[in-house]
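Note that chain A is present in both complexes that follow, paired respectively with chain B and with chain C.
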Partner chain A sequence: MIPGKLALPFLLLPGVGFLVVFFGTPLVLAVFSSFGIGVIGTNASGLTLAHYTELVTTRAYRDGLWFSIYLAVVSTLVSLAISMPLAVALRGEFPGKRLFQMLYKMPLVVPTVVAAFFVMLFLDRGGMVSRVLLPWGIEVPRMVRDPWAIGVITAMTWKAAPFMTLIIAGAVASIPDDLRHAARTLGASPATVFLRVDVPLALPGITAATLLTFIGSLGAFAIPNLLGPIYPQPLAIHMYTNAFEQNKWGLVAAMGTILSLTACLVLIVYYRATRSMRDAFGGEVR
Partner chain B sequence: MRADRWLSIGLYLALALLLLLPMAIGFLWSLVDPRVGWFAPDLYPKSVSLFHWTRALADRGLVETIFTSVFISVIVTALSAILALPTAYALAKVPFRGKRFVELFVLAPLIVPGLIVGVGVGVLFLRAGLAYSILGVVLVQTIGTLPFMIRVLASALEAIPNDLIHAARTLGASPATVAWYIVVPLAWPGFVAGGLLSFISSFEEFEKTFIVGSPVIQTLTIKLWGTLGGQVIIFPNASIVTFILLVPVLVVFFLAERAMRNERALAAGMGKL
Partner chain C sequence: MANINVTGLAKAFGSVMAVDDFNLSVENGEFVALLGPSGCGKTTVMRLIAGIAEPGRGQIVIGGRDMANLPPERRNVGLVFQSYALFPHMTVAGNVGFGLKMRGVRGSEADKRVADALALVDLGGYGMRYPRQLSGGQQQRVALARALAFQPDVLLLDEPLSNLDAKLRQGLREELRALLRRLGITSIYVTHDQEEAIALADRIVVMNAGRIVEIGAPEALYRTPRTRFAAEFLGHSNLIALTVDGGGLRLPWGALFVAPADARMLCVRPEELLLAADPNGPGRVVESTFLGSDTIHRVEIAGCHLKVRQSGRSAEPLAAGTTVSIRVPADAHLLAA
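== the complex of A and B ==
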């Protein structure tokens, strides 16, 4: 017999138990300590919103939250703009497709710190881009440690675009070719097929890829730390410095909670939006 | 020329420019001759030498860091496999209420940013005396590798026919015997793919390791961060650490690609969200 209900708790215990102890519990404790309950290193306890008030009233943290959101939104949108056409291109046949499919995924496993190093080599002052453009007399604007965070966004996009392509290509590949042929036969242009057939049918994959990238970028730490401007700094960096240099755990927990809440909010809004989009397209596709 | 040729040329050009060129330039930096240097506007170093490589490989600290990194990643991979197998089995073969919830919870560590997990765990580890220890780093990295392992193993186990397990049990095999002689061998490709993925994600992990281990425990990513974050960035040193880090990761990655019969297992897992 296959182990039944009796064995279930023992089967789930090692894996799920590990994650409950080392992943779930710390996050729940963090939410509690953001409200002043059981904050480590302080005697004052009791329900309080002081940590959230400090977060909202301190200019550097407020700017930090907006900067985190800015980085996540822009890098996710740029990655999406690259990965959607790429995913559609990968469905077609072309010479060397297998090799390409293997190679384009490399950034998935390249450490974020290495991605930051590559961006430094190319975009920093005296980097390869400025060296190539120098003979034409083109002066490159500051792109590393710049206020618009071009370097940060480049590095984050470099990491995220292949990941998004992988997921979206999976969704695109599961669309039956017949549907597209039918649309073409009925007189739709390739652009119409892309917008009216491919995009709506691949929407679950696109949604998942966008959300995962957005949430991941929201907590970006290493790349902004190495390539970002001195001010503003994303909330993730404030979290780190407040935790390990100032020991303000309550404030850190509040920042973590706000970041997680922002992520949840985006999740809900995006799911709503894509569902209504699918409904709007759905009638015409069928 | 046919359209697919143009597509191929365009895609490979982009690949060369965006992926291979950065790696090539990065590698050239490790070969710069310290007596000549590599200054703007030169597009390539005027003179190359192995000076930085010979010095780096004679550096006891760096060699020790390599060993620490590999040691941690091997332990993390083994621990993940042991912890993941029973849970993956339950998800693949045992019907139960709330399975969907367990599936989502198990994938959640992949979604929550590493820094948030790291800070949350880091606080507790400081208290429990696990911070700045190999054990602490192993535990915090396993949070990130376990979801991969459970996901990949579960999809490998789903493919094992239930009849085989029933037959063995009817013929008198104990659950342990079934696990050892039927489940593990048949799910072996899953172990290989999941193991390689876990190894990579542990080897390249930065945020959680940094918070729990740095500066006492040095892995390669943390060493590279230290090299790049300093006041004076010495590109050749950064380049050497980069390639010591990158070469094993890419080799293991290509092996994993071949080991995964269903290369979209993970993508499908993520798409489920």
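== the complex of A and C ==
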């Protein structure tokens, strides 16, 4: 037997140990090497802020960071705008619900690169959409490799919306119908019920879905690479080229650190903003 | 405040008629209880009146306004849910003030009416708490305050006390009765608890399998039910069949009973029967249960099982097997067969 005091650390060891060894260590090493200390890559130079200076002073990288954030924010917001009403709609009964429930999850099993090619086939010049609309004389604006990254956002949304719907629908389904009925009898229209009952009560699910999607989108590589504009390019692509074409691992580590910090920052801001709402969920309510 | 007129109401779930041919008029300020076993359609009736379910047929008129195609938010009906359905993300004041907010009542006027509603249910000072910080009984009272705060035309209560323990239930029942009498609001109260219905209501609507079985004042329904279902559902009834024998009516154990010639069934409450130990009596005590003020005897007599409740000095438990005679009061209630 393991003595009581040691039992808990012992039981936690496999899980926590795994995280420390395979997740924590690379993260710490990456942060170190972003400051010029360490073992990743070959050009460790001793303590320096040069990598960060380069990142901040090079316009392409600065724009790249903003572009990464832009892509993540917009695709997350668009996905949320689609999945929130969808999740609420899925609570009700309608003909073909089972079929729809099966179909809407399909993008989840389609690999990201394949999704990017779908979007390219549909939205690119000479793609299906422009061919269908051409006979009516409607010219489709540039949507692939365009400066607003419409194609990128479409593909990212196509992947993220079903995932968000799945999580939010679960949260919405756990709200008792009586609460909605109560709100209605008290004078709330269906739209008010959605805003004042469904959204706040599904907030834990919405939070989880939003953050997971945002953080995933922040590091998006394949979709912007295939569908994104030539300039700017998101930081993830700069990381790839700097690592494998330029061998500038210190700079790559700095970019990775900045992206991770951005994600953390968003997390903190989000949790701060929704704290008062979450406080209300501390306990079981009958 | 308003009266309620329901005519020909029907609602089916698939092939099952949850409510069928339901007709009811509730007077201004009247308190009506819908009583019946679970699944009898009483909650469905309430949901149809509140507008959170769509009727298949029929008309609902509240205070002269036809409710057809009127969504729940425009019916001005207060509904207290069995589950209370308090908004967990809002404070007690937020919950109680929700109906006012939806009606555009804001600021100090809203604050005052929320405070009044909370004072009404003895929860003054609880406004800033969250529902989860309250006990079941307090949550129930918040639900009531919420349903009353916006001054609805009628109040609907769906088994509001059934989630509470017995002692609390009784206390709240009396409070509720006093409060609703004082407010004089037209109310429909759904319950499966006959004692609750008898204690609270001006009139009881007994329902079974989606239909109204009988409507009456509590005392009349208890003492002189017309239907066997109501007789058996409201408290315990001894149903004693009468047989015609040589120009007279006889009880199962042969005693003569004077009644109109077409009488076939007696409905006698346990407390109306008189029992006496009698060595030559036709009955036999199966079991006696002493309850303090009362004793319940189960008696077998000529193939008939009767429940007899004796109170006061005659409430002596008898040994099983004691032979007894039973006296049925001459004015015992006759049930239409």
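We adopt the following convention: the second predicted complex is superposed on the first by the 246 of 286 C-alpha atoms of A that agree within 3 Å, B and C clash if a C-alpha of one lies under 4 Å from a C-alpha of the other, contacts with A are read in each partner's own complex, and residues count from 1 in each chain.
The criterion applied here is as follows: contacts are C-beta pairs under 8 Å (C-beta built on N, C-alpha and C of every residue); 3 or more make two chains touch, one makes a residue touch a chain.
Values in this document were obtained by computation on a predicted structure and should not be read as measured data.
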Should A:Y70 be classified as contacting the first partner (chain B), the second (chain C), both, or neither?
neither
Of the partners chain B and chain C, which touch A:S260 in the superposed model: first, second, both, neither?
first
Greater chain A contact set [chain C / chain B]
B
A:Y270 in the overlay: touching chain B, chain C, both, or neither? Say first, second, both or neither.
neither
Of the partners chain B and chain C, which touch A:F22 in the superposed model: first, second, both, neither?
first
For A:S189, is the partner it touches chain B (first), chain C (second), both, or none of the two (neither)?
second
Touching A:F100, do we find chain B (first), chain C (second), both, or neither?
first
First, second, both or neither for A:H181, with chain B first and chain C second:
second
Is A:F32 contacted by the first partner chain B, the second partner chain C, both or neither?
neither
Per the touch rule above, chain A residues touching chain B in the complex are 1-5, 7-8, 10-16, 18-19, 22-27, 29-30, 40, 86, 89, 92-97, 100, 102-114, 116-118, 120-122, 126, 128, 130-132, 134-135, 158, 166-167, 170-171, 204-205, 208-209, 211-212, 215-216, 218-222, 225-226, 236, 239-240, 243-244, 249, 252, 256, 259-260
Could you please specify the touching residues of chain C with respect to chain A in the complex?
47, 50-52, 71-73, 75, 77-79, 81, 83-90, 98-99, 102-103, 130-133, 136, 139, 146-147, 150, 163
Going by the contact rule at the top, pick out the chain A residues touching chain C in the complex.
176, 178-179, 181-189, 192, 197, 200-201, 277, 280-286
Of all residues in chain B, those that touch chain A in their complex:
4-5, 7-8, 11-12, 15, 18-19, 22-23, 25-26, 29, 39-43, 82-84, 86-90, 93-94, 96, 102, 105-106, 108-117, 119-124, 126-127, 139-140, 142-143, 146, 150, 162, 165-166, 169, 175, 200, 204, 206-207, 210-211, 221, 224-225, 228-229, 233, 235, 238-239, 242, 245-246, 249-250, 253-254, 257, 264, 267-268, 270-273
